[in-house]
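Multiple structures follow.
First chain A sits with chain B, and in the next complex the same chain sits with chain C.
Then we have the complex of A and B:
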């Protein structure tokens, strides 16, 4: 058992190297999002984080999820955020520094949260086979190693109602966002005419 | 099967590695929300937290609850997809509100939010 855990194949080693490289990239850029005081740089580091998370999805055999992450998050949401940054800052290098007391309180809260989460994860990490064991081996998905077809069937089968609700929600959000972003200015223009 | 120093020092990547990564990203998102005074920065923190949750969902789907060989159950990935859709919707609405906020008080600093009345 111990030997089986220590001795790993070349493929496993490659997985390890890839995972640690991706995890380091994601963790460092997430940290940079916290520490960066410049909102444009924060957005750039968020882009790196989102791209790294897409790589993590690839490692978890969630190819479709990774593609959606790149297209919707890195391609769509982040562009939206960057546009909002450009529209709302008088100077793109505007900075709001938090007070020292806020930094201390936030650091303590973050440290407590991180320690609690990691302690929870480690405490569930027992020997394989015990009820509290956390799994070391990925599940065997057999021939459907890239299960996009299964994903599509589940979306239009078991998850048809949430899927349709999400499409209605997106329509509502689209109309609502256009109204919120434009309504005020149009009313102001109308008042000027009157 | 190779037994080099690196293979002994580094245990095989398992579920708990992904959970630890997600925990770290979650805490980064939390700190971003607590420390940024720019409303858009706070939104970025929310996106980080949602991404941490998504890593957990995809990792549990791959390691702990994923169906049988040849017939994978992809509930975790589908939840993550819905989270991405909702995050995009939330970002669109939030940014529209921030634009309105900026049009009203000419600042994106959330501290100025207390000036909003009705």
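Then we have the complex of A and C:
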């Protein structure tokens, strides 16, 4: 059965509904991130934003990207933020109190970003704009044609150099962090002795 | 193929796509075809009903079982009043928790306090989507990133616990939440690496493919595939205990020092959400281990793999249904066996300190799992135990099984024998201890035995 008004199939219509529901959730929680003054609540709203974006990735068949989004941002970065807040806060509920000039600068930056994004979206050709174009295509199940396998081949084949550079960078950061932490501890121990 | 795959798919369940919808919309309501919103609502209702029901039954059974195991390990009976052998105890407790007052601390961050249990519970709910109960009894069997998806959604669960601890505005709760954060984030790394070791031997992340690859009898199970997956099995188990905050790693809620940890301030239904999430997550973690290492739904003799290969090609719907039902039984049994070991450890081992927990992760488990990863990749290069294609290379007792290198096959057989010997040894040992323990209990009734010098 097709919907006569839009001439798209039921599947596409339902997918569109799901997409707009997800998109609305992402947009609303992103607004809440900006408007909320409590920093821990901000982190919670950010969780919804990141999770919603992961949901959109799932609908676009980008399963690996979606899972990485959840692991790295929702499971890693966000928890680091919250952890830092818990360890550094003085009062139980810290609040943001941005100055007027900060609000103006942020609003201008946001407006520029919005214009750039809109221009990019409008000028894009392809599936954007055709309703229901993001219907999830069935994968060729049972064979080795998995996007994850291709991704792995690409990372360790064609893109080996950037991949290794990134991992060396991460290693340097880790060693640096360990050195700094150890140095501070040694200094503290020295002061105690003195 | 329908859009419903975007959320879930029920390839073999008769409720899926066609049958149930036709039944309801055409036969009962007299509609020519279901409108799209009705289909959407139908699928959402099935997901909610089947997922919710399954998850509650599993969690409630595990809670009852844990209390029973704890009781017997401490020379008690455990719950035995509600229903036969106390099996309805969880139902009674659930009713009690629903009727209890939902307390809200005055100085809590009220909105977040109310919301946190759902954030902790939802990821576990979502993880059931790719758990393979049988070759066709999976809600979304084509998800290419299967195992990784479960890890990803479970990592969101930490956020719920941290939110609960923070919003309670209670020092015990915040200590619990902070312990949770550092423990789970650090143990996620060895957990992921030990999963990768098994995934490298299989060559796929998809849960159903992982199961199909192990359908050729016990020696094709991934735990026996090479020495490194054998070791990764145990590394995964330890890491999964810690990342699931099970004892001996239950520091986020250690009762003896933190009252109840992150859920100190919770009562009633919201408390039960945390409780449910923990027990449902135990099953998820056990299910991953069963799928990754213990042959998923397959029996040790490869019978299910053999018949599945036979039925899957043709339209043997009834046979497939029966096969899947049997397979689900085997899968649940394996997962429950792993859960039993988790309970066993909980009531046996004392709780370490937080610095010992982190030491065990960063300085023991992490290097160990990295070595395993290195060894597994070297093994793949040198011995070349080829991943193979489901249903083709691993047909039970077929000659294609012998096409792999002799070293790989010999390793599988030797490891299988070692594993079986170890299992038999543990069973015999525990049986012996149970028999002698009974005598011990009788002796303990004599006070002269408890206090030797009293008489």
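Points to keep in mind about this one:
One rule holds for everything that comes next: the second predicted complex is superposed on the first by the 135 of 194 C-alpha atoms of A that agree within 3 Å, B and C clash if a C-alpha of one lies under 4 Å from a C-alpha of the other, contacts with A are read in each partner's own complex, and residues count from 1 in each chain.
Convention: contacts are C-beta pairs under 8 Å (C-beta built on N, C-alpha and C of every residue); 3 or more make two chains touch, one makes a residue touch a chain.
Computed from a predicted structure; not experimentally measured.
When the two complexes are overlaid on their common chain A, residue A:101 makes contact with neither chain B nor chain C. By the touch criterion defined above, A:56 reaches chain B but does not reach chain C. Looking at the shared chain after the overlay, A:168 reaches neither chain B nor chain C. Looking at the shared chain after the overlay, A:47 reaches chain C, while chain B stays out of its contact range.
Looking at the shared chain after the overlay, A:64 reaches both chain B and chain C. Contacts of A:13 after superposition: both chain B and chain C are touched.
When the shared chain is aligned, chain B and chain C each come close enough to touch A:76.
The interface of chain A with chain B overlaps its interface with chain C at residues 10, 12-13, 15, 64, 68-69, 76, 83, 87, 135-136, 138-139, 141-142, 144, 147. Contact residues of chain B toward chain A in the complex are 1-3, 6-8, 10-21, 23-32, 34-38, 40-41, 43-45, 47-48, 51, 54-55, 58-59, 61-64, 66-75, 77-78, 80-82, 84-89, 91-93, 95-100, 102-104, 108-109. Those residues of chain C that touch chain A in the shared complex are 1-3, 5-7, 33, 35-37, 39-40, 107, 109, 111-112, 115, 119, 141-145, 148-149, 151-153, 155-156, 158-159, 162-163, 166-167, 169, 174, 177-178, 181-182, 185, 188, 203-206, 209, 389-390. The touching residues of chain A, counted against chain C in their complex, run 1, 3, 10-15, 17-18, 38, 40-41, 44, 47, 51, 54, 58-59, 63-64, 66-71, 74-76, 78-79, 82-83, 86-87, 92-93, 135-136, 138-139, 141-142, 144, 146-149.
If you check the complex, the residues on chain A that touch chain B are 5-10, 12-13, 15-16, 19-20, 23, 26-27, 30-31, 33-34, 39, 42-43, 46, 49-50, 53, 56-57, 60-62, 64-65, 68-69, 72-73, 76-77, 80-81, 83-85, 87-89, 94, 96, 98, 102-103, 105-107, 109-110, 113-114, 117-118, 121-122, 124-125, 134-144, 147, 150-151, 154-155, 159, 162, 166, 169-170, 173-174, 176-178, 180-181, 184-185.
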